[in-house]
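Structure first, then comments.
The letters A, B, C and D name the chains in turn, as written, and every chain counts its residues from 1.
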Amino acid sequence: MPVGVVLALVAGLFASAVVATCAARRPAAQSIVYGLSLVVTLVLTGLALSELVGVEAPASTLVLPVGLPWLGAHFRMDALAAFFLVVVNLGAALASVFALGYGRHESEPQRVLPFFPAFVGGMNLVILADDAFTFLLSWEVMSLASWALVVVRHRDAENTRAGFIYLMMASFGTLALLLAFGLLAGADGGYGFAAIREAVREPETTAIALALVILGTGSKAGLVPLHVWLPLAHPAAPSHVSALMSGVMTKVAVYGFVRIAFDLIGAPTWGAGLVVLTLGGVTAVLGVLYALMQHDLKRLLAYHTVENIGIIFIGLGLALAFQANGMAAGAALALTAALFHVLNHSLFKSLLFFGSGAVLTATGERDMERLGGLIHRMPLTAFAFLVGCFAISALPPLNGFVSEWLTFQAILLSPELPQWGLRIVVPAVGGLLALSAALAAACFIKAYGITFLGRPRGPAAAAAGEVDRFQIAAMFALVALCLGAGVVPGVVIDALAPVSEQLVGHALPAQSAVAWLSIAPIAESRSSYNGLLVFLFIAAAATLTALGVRRLASPGVRRGPAWDCGFPDASPATQYTASSFAQPIRRVFGTVVFQARDSVTMPPPGSMDAARFASIVRDPVWDGIYAPLAAAVGALATRMNHLQFLTIRRYLSLVFLLLVGLLTILALWP
Amino acid sequence: MINPVAAMLAVPLCAAAILALLPGYRLSARANVVATALTLVSALSLLAVERPAPGPFLLIDDLNIVFVVLTAFVGFSTSVFSASYIGHEVETARLTSVHLRFYHAMYQVLMFAMNLALVANNIGLMWVAVELATLSTVLMVGIYRTHEALEAAWKYFILGSVGIALALFGTILVYMAALPVTAGGLDAMVWTALVASAHEFDPLLLSVAFVFLLLGYGTKIGLAPLHAWLPDAHAEGPTPISAVLSGLLLNVALYALLRFKMLLAANEEAIAPGPLMVAMGLTSLLFAAFMLYRRRDIKRMFGYSSIEHMGIITFAFGMGGPLANFAGLLHMTMHSLTKSAIFFAVGHIAQVKGTQKLADISGLTVTHPWLGWGLVVGVVAIAGLPPLGIFMSEFLVVSSTFTREPLLALVLVAGILIALGALMLRLGEVVFGAPRGRADPASASYVPMFAHLSLVLSAGIYLPPPLVAWFQNVARLLG
Amino acid sequence: MGDLDFDIAHLLAGGLVLVSFLLIYQDRLYALLNIYALHAGVLAASVAWQAHVQDAPHLYVTAALALGFKAVVIPVALHRIIVRLGIHREIEQVVGTGLTMLAGMGLVALAMVVMLRVTAEADPLAREDLAFALAVVLLGLLLMVTRRNAVSQVVGFMSLENGLILAAAGAKGMPLVVEISVAFSILIAFIVIGIFLFRIRERFDTVDIHALDRFRGERR
Amino acid sequence: MALIGELLIQGLQMALVLLVAPLATGLVRKVKSRLLGRQGPPLVQPYRELWRLLRKDVVMAENASWLFRFAPYIVFATTWVAAALVPTFAVGLLFSWSADLIAIVALVAGGRFFLALAGMDVGTSFGGIGSSREVMFASLAEPAMLLVVFTLALVAGSTQLSTVSAMLVTPGVGLRVSLGLALVALIIVAIAENARIPVDNPATHLELTMVHEAMVLEYSGRHLAMIELAASLKLVLYLSLIACVFVPWSIAPASAGVADHGVGIAGYLAKMVAGTVLLATFETTIAKLRVFRVPDFIGAALMLGLLATLLLFVSRSL
């Protein structure tokens, strides 16, 4: 039975975590641990893939006598689980490859090695869990392990703070989910997913549960306004872990939402769809705007994860809306789009974080303002990162475009929706999605242009060199996957068919039937796209032109100083920086959303000291929700703290008053 | 074949007498371990042998056997810890061997008193035993003779005495309630007899009695606003005593309260004890959660955390029902193990850093990885994060409450989250960051700490079926 | 039992409450101690009477203890302590006597209401006794929380405890009464010694912030 | 046989746009000069310039990277492919189903992506100015364009450009508010995308006002030729897009005879001429906007597009 095998492998992961704890300080530990996790995750990927594309096998289940005593730990492997297992383990495998090289530069490996396999194992367990207790248990194991990885660089107070905020948000999410499960399980505590599926409950119960689920999974996935921990925590971890957290762990959160909202609760209301849709739209645009304001490469990437989560949730919201109105085809399309984007984002976000990790190893810099010109010193990394940027900007012929294209197609189906609320919101969300796509391109032009192009802005960037072969290998594997998923999307869509079949009882038409490997989600006459042809056309046109021009034109290339309108050899400081590049967009959007303010202080004429530029960007969510909350708790704590310093007489009077009060109650008690 | 109950009571008593006379502290420490080991053995043998019929003074049933075994176990591991703890104390001349003689004797007296309180079938006897336990701990809290220690001991003493008085008044009232129904005299104080005939008692008298008992024993449990003695006693006493206080004495007092709750439950006209306990539990939880934030002394902080968890446990038992009661029992067990483990760690930390001030402790995972990571695991456990045992009980409490009383569950969750915030904030400062201040090499025995933690960990993942059946049985008993 | 027995028991118990009021009323330490001696004496009398009524001879022990230890030894010892610590000039009330008296009235009323609502099966003597005992206990607590200095609070505690003994004695055939009274005497002895040893003059309720910081070890 | 025919038509179309592109640019210049009362360059001037550029050597900054050298070809290729997929004189082209309207927009965006990067590659301040302003415009123009696409797709029930234009020929469409709004939005977007006045001035030589020109400032020789050609292709692309959607008449239907195709070509050329003339007149009548007024201009397009889409969501008949 596959699930048993899978569990055994996951157990192997935990075992290697234990091994790592014992032997973390040995020099060989690095390669052993990462090698082990590489092998295990690869096998897991293979198993899950075979489960996904294999023949229609009934979901295999397994009950272990652990966990909640009278329930046991239930595990289940179905299409949905299989797909997400692929996503998780693929990302984990490549992260292990990357870490084989990246880990060498780790100063305190004993703080990383034990937790990396545990983290991966935890994510696997979440996906396999088939009862509320096991689910939450694994969920928190995942959170704890990643927390430990976030605080690896614990000497920097920023990181411990990030870890703290992360852990708080994670626990908040877990408690929300706990309440949701309590509600779903009912008074007699049927915590098994099977029981929850069977149970019938009032619509308002379902509504509350769904709201709690959105809170719980949203806080893990980084939905605005629950995203605040994400851009702090993800960059703090070592880069291969950042890749896992951003590319994979957020997907586990998405899995949690899909599992509960579609599979366990089922029969959604259109209101739910509306809420999720709106949250997704807002998240997408705010996320990319946040990202545009950053100049720390890894933080920019982390913020951008928020945007992609938004896109995914737009798809999920549409799916809910369609399903609520019994439009199975639309639901299938939207869900497929969302899941496709899950896969895509896990690919290119891992790629980009690997790239940032490579930059980090080569230069020790995360701040773009001190980078630049790396394309000359690390050409391979530069190429891989370029592909990642192109893919994440949703540009054909790469994979990012396909999933967004599918989402657009789903949006274009939505006028059939009967509810007015949806009819008003959906096009607005479509606009938001388009906006976020355009802004994403801007964001990554900035990221790439400042980091890799131009001239070095600092000595570290000037002295950088290409990274080792493991890191390169991991990045190029992802490049290949991005390209593959982009040019033959039909394969992925067909692989997703059983999932959408399982969740919404309908699947997109088999794309393998469509000619020339192109995809047509509804009908070829309506809309179709062929990544392969587009890719070939562009490649062919480019090469042909290049060749033709070579024949016609003079081949000579003379190198000289940059023209720059007659100011050659200006110092690298005259280049555009990250903040100056974003300045127009900051002025257009940021002033509204973030109260962004640029302040320039000019030295008086004749004084030799430098002019200062500062750009202040405030996070409205933090200022609006979290800061007041923290302040309130702090104030209350301070106020109550006086109770520590009372005198014995006062404590006695507390006792006395309580006694008198209770007696009075009794005296008045009928 | 000696009677295990008798052994369980006799061993500590004799040990106390012997230890009071033994000169060298090393020897007496070992003797202490041996005595507690014997107690543990006899307690465990209770599980094996068939139980004696409830007599006028002693009673063994499923409920108190849980407490007995737990007490004996934690008492044993704490004595092991204390053996390695006091060594350092003597080296640093904070304690003299005379003190230690007294200390060990009192330790055994405490064990005796707690065992007596647990197996007592007579509410008067139970009262006497609880008070004896309180007094012995009072004396040990003040053992360092510093201003703070005396302050704490004195506060504990006065508040404890008032608690004693209130509890006694409640006991008398119960007796008065029983008078008209039973023959009076001794068997009007035998718990089993009382429960049997409780339904005929005068409900109002019983309710008044419960109010006094709640306040009296609630003081020992450390429920807010009766808690005032607890944090200082934990902070200023020797750490083994803090461990025993948090791990055991609070449980014993809670056990007494539970007995009377069952008594009241048997009489349906009397005031329902549940809501009172729920209210006090939630108050303690929220109160302690906020108090955790401004702590400067690491031991006092964990004292407050004990208040928080006692609040949760009282809340669970107050809610009642099979799930909540089960959760309450589990939570109590897990809290005893975890909190004592934390105090084991904290004791050595305070020794190696030469201070209890949180501000002066940092970067423990760098300087003392074992202590540091041990503390991390302990705090993670006490904060109710999986995969450790307390998560399971909190899972059950919260989810079972939410279906019955959503608002209460929300308050509960809020409290848990706030407390978690405080604990994690402090934890981060203590174990991470660049090390500061002294960092003496640790001459610690990690066995008790990691034994407890591994128990908690395994319990979070796997509970052996017999244990579960047993707990479920007890939960049913509690109604 | 005859009416007379009942009336005398009633009278003595009521007398105890009255004396508790006197305690509350007093704001001089010496007078406080003398009145406490009286309190103990009345307790002894009522316990003895109970012993006679219930013909439970062991209660005489308790009575004797009350008379000898509480009415004589303790007051004398406290007297010495006051002199030693030089705190006999204290005006140590938190709220005015009038208010405290009012509160006391309220407490007595509360005690009566609570106890007399108890149904009549419990024999009347016990009921009255309980009501008075509860009143004494509450008044003792009131004394403790309205006085600032250690000695007067000890007095409050002892009067509270007298109330307990009264209740215990009133409970017909209650076992362990003697043991309990002995235990309490020891407790009180501890407290008194504690005051004496640790020089706890104001530790109950100091107003000196620096002292707080020093002793609580928390604030800086 | 049919396949070969279609292949022929597809090839013809690609060649046509490529040939027409410089001509259109030249025509715009000519008409503008005439309107300003100048003689103006001859129509073939753009071809001459391209040729001249091709013959010249490339002068490249020392620190220009491989991306700088490849970008022109990629930009050209994407634009060309995109333009080749827009029905000019015949619908139902062989490869038209390989990329729908959304993909065409994305292709153009891809070209811009590389152009903006190329602008930053050398690391000069002007390149930075150009790129950052370009992406700021694009971040508004692209969503506006996509909303226009939504509108058309909702009207035609398809994002397939051939289907759209075929559907819009049919009388059933009639006059629609949403289509009107979409047209205005599309025109604004087209102006912005092609860096025409009032957004940008293709003929400016004042560095601080340049956007597109600043991006390509470092280019020379054949690279510059490629970029220039791509720019004029883009103009043609948008013109033919507007043409095939809003004046779809005379476009040869799928599997039509040679005659129809002839008519189609003629009509297409006519439309091109009309479009260029209109553009030129428009450009001469107004002045360039300040950079930070441009977002309002393009934002208007965004709003119009959103309004059009909303109208269609509210009622299919608007």
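The rule we apply is simple: a contact is a pair of C-beta atoms (placed from the backbone, for glycine too) under 8 Å apart; a residue touches a chain by one contact, two chains touch by 3 or more.
Every value quoted in this text rests on a predicted model; they were computed, and no experiment measured them.
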item	value
Chain at maximum distance from subunit B, centres defined as averaged CA atoms	D
Distance between chain centroids, defined by C-alpha means - subunit A, subunit C (Å)	69
Length of the line joining the C-alpha centres of subunit B and subunit D, rounded to whole Å	78
For subunit B paired with subunit C, centre-to-centre distance based on mean C-alpha positions, whole Å	31
Approximate Å spacing (C-alpha centroids) for the pair subunit C, subunit D	99
Numbers and ranges of subunit D residues touching at least 2 other chains	none
Shared-contact residues (touching 2 or more other chains) in subunit A	644, 648, 652, 655, 659, 663, 666
Subunit C residues counted as touching two or more neighbouring chains	114, 117, 141, 144, 153, 203-204, 216, 218-219
Chain pairs in mutual contact under the definition given at the outset	A-B, A-C, A-D, B-C
Touch list for subunit B against partner subunit A, complex	154-155, 158-159, 162, 166, 204, 207-208, 211-212, 214-215, 219, 225-226, 228, 231, 271, 276, 287, 290-294, 323, 363, 365, 380, 383, 385-387, 391-392, 395-396, 398-404, 409-410, 413, 416-418, 420-422, 424-425, 428-429, 432-434, 460-463, 465, 468, 472
Contacting residues of subunit A [partner subunit B, same complex]	65-70, 111, 132-133, 136-137, 140-141, 144, 151, 154-155, 157, 160-161, 163-164, 167-168, 171-172, 175, 178-179, 181-183, 185-187, 189, 191, 633-634, 636-638, 640-641, 643-644, 646, 648, 651-652, 654-655, 658-659, 662-663, 666, 669
Contact footprint of subunit C on subunit A as seen in their complex	644-645, 647-650, 652-653, 655-656, 659-660, 663-664, 666-667
Subunit C residues touching subunit B - in the complex, by the definition given at the top	114-115, 117-119, 121-123, 126, 130, 133-134, 137, 141, 144, 153, 157, 160-161, 163-164, 167-168, 171-176, 179-180, 183, 187, 190-191, 194, 198, 200, 203-204, 214-220
Partner subunit A, residues of subunit D touching it in the complex	54-63, 65-67, 70, 73-74, 76-78, 80-81, 84, 95, 97-100, 102-103, 106-107, 109-110, 112-113, 116-117, 120-129, 131-133, 135-136, 138-143, 146-147, 150, 153-154, 157-160, 163, 207, 217-218, 221-222, 225-226, 291-292, 295, 302, 305-306, 309-310, 312-314, 316
